[in-house]
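Note that subunit A is present in both complexes that follow, paired respectively with subunit B and with subunit C.
Showing the complex of A and B:
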């Protein structure tokens, strides 16, 4: 129950004033600029863009600053902002096969054409704190000998298995996809809707769901067939011109898993695929998305539903959005005085009745 | 506001190049080469969103990946030529400069602008790409097999 109550204006105003002061921190230290956040906390910016579902590094950096580094609060700010924007249209599907790759690895084929390109990765670092970063210094030069650029575009790993017919194909299809920002997310959700929900899903939730499949809850034996990070152009048909132009360029992370599949009533034994595609350099999220996508495909592949959480589309999709989740969770801290008053009355009444029954029996 | 344009590959190419230029770069090159002509807004710069799509498995059915901010505008030169811009982000000055170049590229000024604006942009884009690709290539793994103790 909601009842409007007045009286908190001055307290709220002072709380917001203090928030601004705390956000700034020690005024003796230089203030962070939005550009510094964008450039130096780029992976936080990427996460806010991915889960805020709006690609704009400057806005994501601003949101992080405003939210004092609370990424879910920053995502909330971005989601609120995006509702104010008119929709100009939809892009042509991005062609990740044409990606200019910063990173491209395959865990299934060592000698994959195009090579294993590590890119700017945390992998193989020792995870020891680097105290040199605590001291101010010159920007480091990218090390390494000058190398011939990788041939572009780098071919897809799935294509090699496709040639032998050992992996399910993803045939081209141009069905217009559903959009959960326009129509409420309802079950049953087809794969396009699931992928949209997963692309903006909370990274922690998606990671845990994916991890649960690895630990045996709907195990699907995933290998990272290919992980690529890089830029792709965004092309859109301009309605007033009647032709398509590239209107920008975005960094994406794409993960394609190759999953063991022993065959079912409807499908032969072959490898199956899970797919992850996420804004920015966000590989933990993209791999997680691919594993969860694969688990949710049990029905179309004729697999058994073993009752695992990651197979339950309703459970996964209705709990994956951190803004929905935090909105409902955090609202319980707001005044519920009247609700609670009625609960209090009820408990008192029950106790009174129990006492009376006991006294009557004695 | 629909113009009857054929899909002109040259125009597609220059609009794409202008849309992807770094902040302020189109305006700087344009102003270094010519005084800006007078124009009237057909559509003043307006920020909005475009829904980006991907394909399941990279090649299959499309899905909605998330939105991107885009600014668009259209203007008319005094001679009646119309220039359009659709540019990623929210930068009005960049959209205006891109629409002006788009309009001027359809006039007699085209050759001059091609040399003074588009060609430098293209070279800068290619250099930036090559630099990044070289950094990526330097992280490419060269596998070698250790001697095996077979005999």
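Showing the complex of A and C:
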């Protein structure tokens, strides 16, 4: 005798219990603290803040802990929390020209005013597993600090080209940007909206899109004009005061690419720009974003659409969000037996008819 | 749970969704863009339906959730528990007792009545999506009522297979104007869409679209004069309640591939069994 499956409620509870146990792992080992994750897995924390669109290292670290290190799951936790927060207002645009830089490099000039600052980078490490880290040890020795801190403000590299008229103008624009999290994404998307979507886009997707432009799918000859990482003050206009006050600071990674451009029907030959700006130290993402931004600008620069994926704003923007993507991808594991049943009936019917036709012919 | 507003969403968001719902009801079958929020369940799990339910629920409502026709499937249980926690509304599994019913992939067998709201979870709201992947293009096609591509697709099915090879999410035309995706319900359910006394609301969270069918609205499944639309189901009675008019799930019951057919709508089946109806596999 058949009894329909019931008891989903108990199954869910038990699954959650098991999950909690697995998350903790061997109870004989010390539990990770949120502060340890925040301090020692800082680049994971940065990615969760960037793609979660919420600057809060403690919450991001908590999300990573709760998600057992699955960063997309952690980003999802942050997004779901973020959307419940009240909006008090918007900050004034941050001035990255006033950034206190930990790292600032230019690939286009040997030396630039403000200097090249390597900062805490993996770039020139040899990727050899450091077995000393496997043993608990003393904290590493502090490096010698630079003789003088980088003078602030640090001028922008692209502006040196701009003085000669060699690079496109990027005029100041105070139009309030659209808000992707409060309005549905609709096409065509202007550059502000595209940059907003890219800033929270999946790092892997953005990287691959950028890489595809380098390999010839809408190649745009990017040079890293400047990459800077550091903190900037966040200011907010307080209506009761009538002026802006500093309410905190955030770490940002900003990348401006200088792209070769031979001119088009409408624009003279000059260098053009791609732009990336991301929360935290996230330079792979910021550089990728700048390349994709530049590829998506083909129309306003009068370039040809060569049909490359990275030029296609609908393709890029509708598929860049990893929370949307992973949800829809993974939902196919939910029950679909009603639809599958109707497909079964259809396939049986078509097969039966084909069989009958064949038999009639014989 | 007092940390969150009634039914989870804040009032501003609910107002935004209600505006979209009113617009959708005023233009039946038209997809209204709305600023879908991230919900505490993943996209694809019914975030559109959950947001629509959150926007229409009142404390006096009695809420029912089904997935694949059943109240006991894990995701139905999970969504019901979500609103029990965040809205404290009464719940039920009885179709006739519910004032709001959220569903995935089915329309209940028991006829709906005036005053009830049926909320559908929608994965891909655009019926033309698999013919044209670009949203900018499909919106234009709807504007211009340019549905030739859909008819060509259905015609090609007939030319190739002798039948229209779409068995679920079968496209419909609403009030002679918009072609609409009825969500992935089996085409067996399509006739119930038309002229229903209940309000039918469709929410697609990830795709940020809401659409609706007001009560007593005419909904026609696309077909041809010489190939009329046919709702279909497994050609058996229910093994448990003996119903011949309900949509059936096929259940594999032993290692030898033995199978039986049972109502997908568990409330319908339970109600019939309680009334004394028995199928051939019932105890």
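One rule holds in what follows: the second predicted complex is superposed on the first by the 352 of 362 C-alpha atoms of A that agree within 3 Å, B and C clash if a C-alpha of one lies under 4 Å from a C-alpha of the other, contacts with A are read in each partner's own complex, and residues count from 1 in each chain.
Everything below uses one rule, namely that a residue touches a chain if its C-beta (ideal position, glycine included) is under 8 Å from a C-beta of that chain, and two chains touch if they have at least 3 such contacts.
Please read these numbers as outputs of a predicted model, since none were measured by experiment.
S.K.: When the two structures are overlaid on chain A, which partner does A:346 contact: first (subunit B), second (subunit C), both, or neither?
M.R.: second
S.K.: Going by the contact rule set out at the top, does A:324 touch subunit B (first), subunit C (second), both, or neither?
M.R.: A:324 contacts subunit C only, not subunit B.
S.K.: For A:116, using the defined touch cut-off, is the partner it touches subunit B, subunit C, both, or neither? Pick first, second, both or neither.
M.R.: In the superposed model, A:116 contacts subunit B only, not subunit C.
S.K.: Hey, is it subunit B or subunit C that touches more of subunit A?
M.R.: Higher number of touched subunit A residues: B.
S.K.: Counting only touches as set out at the top, which of subunit B and subunit C does A:69 meet: first, second, both, neither?
M.R.: After superposing on A, A:69 lies clear of both subunit B and subunit C.
S.K.: Kindly classify A:184 by the partners it touches after superposition: subunit B alone (first), subunit C alone (second), both, or neither?
M.R.: So A:184 only meets subunit C here.
S.K.: Can A:309 be said to touch subunit B (first), subunit C (second), both, or neither?
M.R.: A:309: touches no partner chain.
S.K.: Just subunit B (first), just subunit C (second), both, or neither: which does A:82 touch?
M.R.: In the superposed model, A:82 contacts both subunit B and subunit C.
S.K.: Just subunit B (first), just subunit C (second), both, or neither: which does A:153 touch?
M.R.: A:153 sits against neither subunit B nor subunit C.
S.K.: What is the shared patch of subunit A, the residues that subunit B and subunit C both contact?
M.R.: Residues 82, 86, 181, which sit in both footprints.
S.K.: Give the list of subunit A residues in touch with subunit C in this complex.
M.R.: Where subunit A meets subunit C, its residues are 1-2, 4-9, 11-12, 76, 79-80, 82-84, 86, 181-188, 314, 318, 323-324, 326-332, 334-339, 341-346, 349-350, 353.
S.K.: Quick one: which bits of subunit A touch subunit B in the complex? Just the residue numbers, please.
M.R.: Counting only subunit A, the residues touching subunit B are 49-50, 53-56, 58-59, 82, 85-94, 96-97, 100-103, 110-111, 115-120, 142-150, 152, 156, 158, 170-181, 191-193, 195-196, 199-200, 230, 233-234, 236, 238-250, 252, 254, 256, 273, 275, 277, 279.
S.K.: Report the residues of subunit C in contact with subunit A in the complex, numbered from low to high.
M.R.: 4, 10, 33-40, 42-45, 47, 67-70, 72-78, 81, 105-106, 123, 134-136, 161-163, 165, 167-169, 184-188, 206, 208, 232-234, 239-240, 247-251, 253, 260, 262, 264, 266, 269, 281-283
S.K.: Where on subunit B does subunit A make contact in their complex?
M.R.: 1-8, 11-12, 15-16, 19-20, 46-70, 72, 74, 84, 86-90, 129-130, 132-141, 143
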